Every structure is written in structure tokens, then in C-alpha cells.
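Read from first to last, the chains carry the letters A, B and C; within each, the first residue is number 1.
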């Protein structure tokens, strides 16, 4: 079957025309506006946020040099930390700036500032997935993990937890027109979405044993699952849910938080000076008000009222 | 291939032409109705509202997606640069006569082309750091892609080698060339040329594999889309946008492969992708007509 | 090590069954759908040919993972809410059908022209000559490519893990995480996939021999 060369040339022409069109289209699009109003995921007050980091306390030089773990970080000039880049309120990357902000990210920066003395609190973030957190700490990829990281005795066998630095409570989110679910008891027999790697799934298994739990990677997938009726409710930290509800009137948060979940800062178990140092830092930022200010600029943008009292350091089993 | 339809039905007469015209109208109406129904459904749900799409052509979003595209291309190119030569070597090893080497190559190829890339990514993500092998995120994504695709590429190249007329090797050996020189200078250049279109389509497979950046959090297109989805709460739109980008790129690559195929067929008179130049057993390892190498996984 | 396996055999076995179920359902649907699209592509009716061509170009070029996410979260927006298992089967079938279509089309093209001419000379219509003469013969050359599509479907089913379907890869990862025996569990899973691929290949060879024309 002979194919005339003219055809292939036409194919080439068509191909290059398609490509040219795509490029032209791309550049027209790029020439469009730069309206950022769609970025609802990031509600951090950025100007406050930067000021809080720069105003954070700095450790005495002797304290850093006297602590093997901290001295190493100071020499490196940056804190290697693990966390998310898709967690609303806690650690979220703003696509328009590439900047990662949130309560967890801010704490990591404050710790970096405390050790290095630099005003911008430089961090090198490794994205942690579902359960890479323990591994990344154990093998030294990261110095710390700030990642809505619930302290559990099982995890504490693999890594050391400084803190707790935040008391989270799981709450329930449903569609606005849902009237059958008002508390955790009503979750029994229902389909529930929550995020992978959170302790929420275990909690639901205990409080509502008949619930069918689906694990999704990030907030967006859980939210989509709820909105499209794939699940009846979405259970996660109340702050995250309130943040979602504040930008979407078809959703609501019901009931009070039904769990106490304490977030800790994961560090290595091999060097006890690490946990000791991070706890000293946590005491310092809680005492000078940086903790409360950071809460206000991040979680406080959606949760009403003053910053709560931070949980007592070392008060949780595993910390 | 051009003539398929000519073969299956005659030049239609007046009655047949009327029937075809009728069927055309009916089919067109049905197709339009389905499209309209889909449009109505999407429209009713509000998914088509301009406000839900507008964010994606704002400068920040375009820049963010371009970063993702760069990540995607980086992973694809790095995988290709290693997997193509490695696959070729494996193919030569498997086709060769040295026993242990042949066994090793065969075992490698058979295992790695039967294992899902995601499983291997999990191995690099969760299992290997525990025994001290902790690569950067880029390599945790790229190394599994390389390991699997070099096995797939080996099979493609081997199909090319098998498709080559034995006379080529015999002539080269008769001229006094060593086995190594025969492979390097006679067999491989021709075999690879035969399977170039298939190799180009394999680029599409590599590109698709790079979407696993979503799983390991490497900032390629899928991961960036997920980030946009989390930031804008426009999950459906974000993934429609990146899917469209993938389709355009892959479409261009598939077209390139088809074009190369026609060119090679014109120049050599052979059907590229494994059909024999002169008789011999048909190498069915590659689809003889289109650019579908049988070793390409449809994902 | 042994106890880890004993304790989690149930979860792993569930994963194997889910993988097999997804693979079987998606493969069969993709062959049926692929044949239909191939018939569209060779039919004399222009709108159907266009639909067939557009279908193939979209679904063989879209990454499966992207389609999975779209079907899982996009289809419910138009009122079609499927279970995650069905989502996985449907997405895999849609993608593989594009490849199956091209295989069927290639198979049709591989049948000697004389066969179609003879069928027409006997007065068979387009549908009759396709169904009774061309496709049965095309099947022979299609076996190997179809085996490869089958293996591709089996491997592709692992991506269902990314939308939380409890198939083999997902279970291996979950159990591996819980028990710190990740390497062992991934090794076993890899073995299962290799066995599935080998079985698929073996079945293909048997089929090819059965279909071969005795001369």
C-alpha cells in the first residue's frame, strides 16, 4: 500500500500547526490576568506571618553550641524538616508565590530562626507522605517533622516526640442539607472520609465501629468525596474543616470536637539532645507569645476567639 | 491500513448511499445528543461556570503548571536517557549466545516487565530507606521508571533484532567481522531503526509513568495539579486541565511515531516494528500494523 | 516474618482477589468496547468514524492516574456516582479499550484482502462480512497483542491503590507499613503480579495454538 509523500508532508504541516496553535494558545493564556482570588486554600495572613518569624526568639550561642544536634543544624545554616505542602492552615504551598505557610510550617521556621539566628528562618522541606515520617527521621533525611503528627505510643517506639505543641480535636463535616449526622454516635453505619496517615481512622473505628472509612491522600480528595456524595461525612481536625466551610456554603461543621489529638514534633531517638533542645525552644516561643501570634495568623483566621493555651509539654504518653 | 474500509464494503450504489446518508444523520444526532446531555449535566452542576476555570489561566497558575511540566519532562528525559541504552544492552544480552548473561538478562526482563511501576515506587519509598538506600524524591520516582521501562524497551529492541533477516548477521560474519562488531555495526543499527516508531510511543509510556510523582510528591504536572486542587478547591477543573495537557503532548508524540513509521516503511519497504524484511517467522512481539508495541502497558 | 504473613494473610488474599476481579472485569469490558470502537472506525458512517478516532486519541493518550481521579471525583458531578471499585474497573477499561481497538483494527487489516472481497462477492453485507468472515480470522493475529493488553490491565490495576481501592499493591503497602516487613510484602506482591503475567501469557499461547489454522 503506497503512501504518497504529499500525505506525510501534510501530516507534518498539520502537526506543526497544532503545536504552533498550542504554543500561541499557551502564550495568550499566559498573557491573561493574575487574579488570585481563587486561592481559598491559603488563608494565612502573610505579612503578619513573616513578622512573627522574624520576631521569634533566638537561642543563646552557648546553648546551641553545647547541643550536638542543634550545632549541626546551625552549621548547615538551614533546618531540614518534613511536612506537607497541601495541608490547609498547617502547611500549604501557595502556587502563586511558591511559599509554604501555615501553623506547622511557621513553627519549623521559628525553630530554624531559634537555632540559626536568621530572620527568615530558612527551612528545607521534604514532603512527607502517608507513613514516610518515621523512616525519614530514622534515616536522617530530616532533622524534624512538623506534620500534624499525632503522638502515639506506637510511633514513639520509632521516633522521639518533642511537645505536644498543639491540641487538635476531630470534628465532623457534612453537607449543609444533612440533618441525620450531628455527633460522632451518628457516624455508625455511615461512610466516612478522612486523610491517610491521620489517627482519625483509628478513632472512628473505636467510637463508631460500624462506620465505613475511606482514606484519601489530601484534604481536596476528602472534600470532593463528601461534596459528590461518595461519603456521608468527612472527619478531621476541626480547624481544617472550619477553613473548608468558610469558603463553601454547601458544607457545614457539626458538633464539638470529639477527640483529643496531640501533635508532636518528630525528632530522632538516637540523640536525646534533640528532643531536649526542641522542648526548650517550644517553652521559649510559648512564653514570649510567638506561639499564640502564629496561631492567630494561621488557624486563628478561621477559628474564632483567642489563641488557646498550648498543651503542657510532655503531658502525653509517648512525648 | 488506508484501504481497510475500501475492502470491507463496495463503492456504494445509490441505495447504499441513501442508507449511509440516513445512518450518518442518525449517528450525528445521537452523538450530538450525548454531547449535549453531558454538557447539560456539567452545566447544571455548575462545573462549567467560567469562575471555576478562570483561575487556571491566571499567570500564577500558568507559571505553576509550567514548573510541573518542567518536572514531568525532566523525569521523562532522565528515564529515557538511561532506559533506552540499558534496554538495548539487555536485548543484546538476551539475544546473545553467552549462557549466564542470557539467563540474567531474560530473568531481569521477564520480572521487571511484569511488575507494576507503582509497586516498585513503593519499594523505593517505604522499603529501601529501611535498609539504608534512601534516594532523593526525584530518583525515588525515576529509578523505578527506569528499571521497568528498560525491560520493556529490551523487548521492543529484541523484536527488531528478531525481525532482521539472518542473512545480515551471516554476511557480516562471512566478511570476517567479529560477533561484537556484527552486533554493533550491522544488527543493532538496522534493528533499532526498525523499531524507532515503537520506541517513540514508549516515550508516551514513560511520560505517563511520571504521573506517579503524585504518589511520591515530586513536583511534576500531576502533583502540581493536586496542589492547585487543594488550594482552589477546584479539583475537577485542575485535573481536567492537566489531562488536556497530557493528551496534547502524547498526541503529538504518537503522531510523530506514525509519521516516522510511514517514512521508514517508504525507505526500507519494510513494515517497521517487527515485520520481517524477507519472509521468516513473523515477529509478533510488535503489532505489525500500528504503533502498538505489544509490550506497552496501557497506562 | 512468618507470623506477619499468617496474621495478614486475609488482607493480602483480599488484595489478590480484588486485583484479579478488577483485571478480569476491566479486560473483558475493554475487549468488548474496543471491538465496538474498532467497528466504528472501519464503518462507512463518518460521524461514527470520527467518534472512534477521537475516542482512541483521548484514551490512549490520557494517563490512567489522571483518568482515575477524574472518574472518581468528576463523574459524580454529573450525577454518576460509582463505587471506587467500579471507578477503577471503568477507568482501566476505557483506557485499555483504546489499545484494544487499535489491536482489533490491526487484526482486521491483517486479514488478506481476498477474504473481504470473497465475502462481498457472496453477497454478505458489511456487518455480516465483518462478523462472520473478517473478525474470526483477525482474532488469530490479535491473541499476542491482547495478552499484552491483559498484562497491562493487571499492572495498571495497581494504580487503583492511588484512589484507595484495596487491591494487592494497596494492601501490601498498608500491611508493610503496619508491620515493618515492607520488603517481604512487596516481594510477595511482585511475585503475584509476575504469576498473573505468566498465566496470561500461557493462556495466550494455548489460545493461539487452538486458533491456528491447520494446514
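What to note about this one:
As a working rule, contacts are C-beta pairs under 8 Å (C-beta built on N, C-alpha and C of every residue); 3 or more make two chains touch, one makes a residue touch a chain.
Fair warning: this is a prediction, and the values are worked out from it, not measured in the lab.
Taking the mean of C-alpha positions as each chain's centre, the chain lying farthest from the centre of subunit C is A.
Ranked by the number of C-beta pairs in contact, the top chain pair here is B-C. Between subunit B and subunit C the centroid-to-centroid distance comes to 16 Å (mean Cα coordinates, whole Å).
Averaged Cα coordinates give subunit A a centre that lies 38 Å from the centre of subunit C.
Subunit B has residues 1, 3, 126, 130, 215, 235-236, 251 in contact with two or more other chains. Residue positions of subunit C touching 2 or more other chains: 73, 77, 162, 177. Across the assembly, subunit A contributes residues 131, 217, 221, 224 that each touch 2 or more other chains.
Listing the residues of subunit A that touch subunit C in their complex gives 130-131, 196, 214-217, 221, 224-225, 228-230. By the touch criterion stated above, subunit C contacts subunit A in their complex at residues 72-73, 76-77, 81, 84, 162, 164, 177.
Residue ranges on subunit C touching subunit B, taken from their complex, read 42-48, 50-51, 57-58, 60-67, 69-70, 73-74, 77-79, 92, 95-96, 98-99, 102-103, 105-106, 108-110, 113, 116-117, 120, 126, 129-130, 134, 141, 144-145, 147-149, 151-153, 155-159, 161-162, 169, 172-173, 176-177, 180, 182-183, 186, 189-190, 193-194, 196-198.
Residue ranges of subunit B in contact with subunit C, taken from their complex: 1, 3-5, 7-10, 12, 20, 23-24, 27-28, 31, 38, 41-42, 45, 47, 110-111, 113-120, 122-123, 126-128, 130-131, 204, 207-208, 211-212, 214-215, 222, 235-236, 239-240, 242-243, 246-247, 250-251, 254, 284-285, 287-290, 292, 294-299. For subunit B in complex with subunit A, the residues that touch the partner chain are 1-3, 51, 54-55, 57-62, 64, 125-126, 129-130, 132, 134, 137, 215-217, 224, 226-236, 248, 251-252, 255-256, 258-259, 262-263, 265-266.
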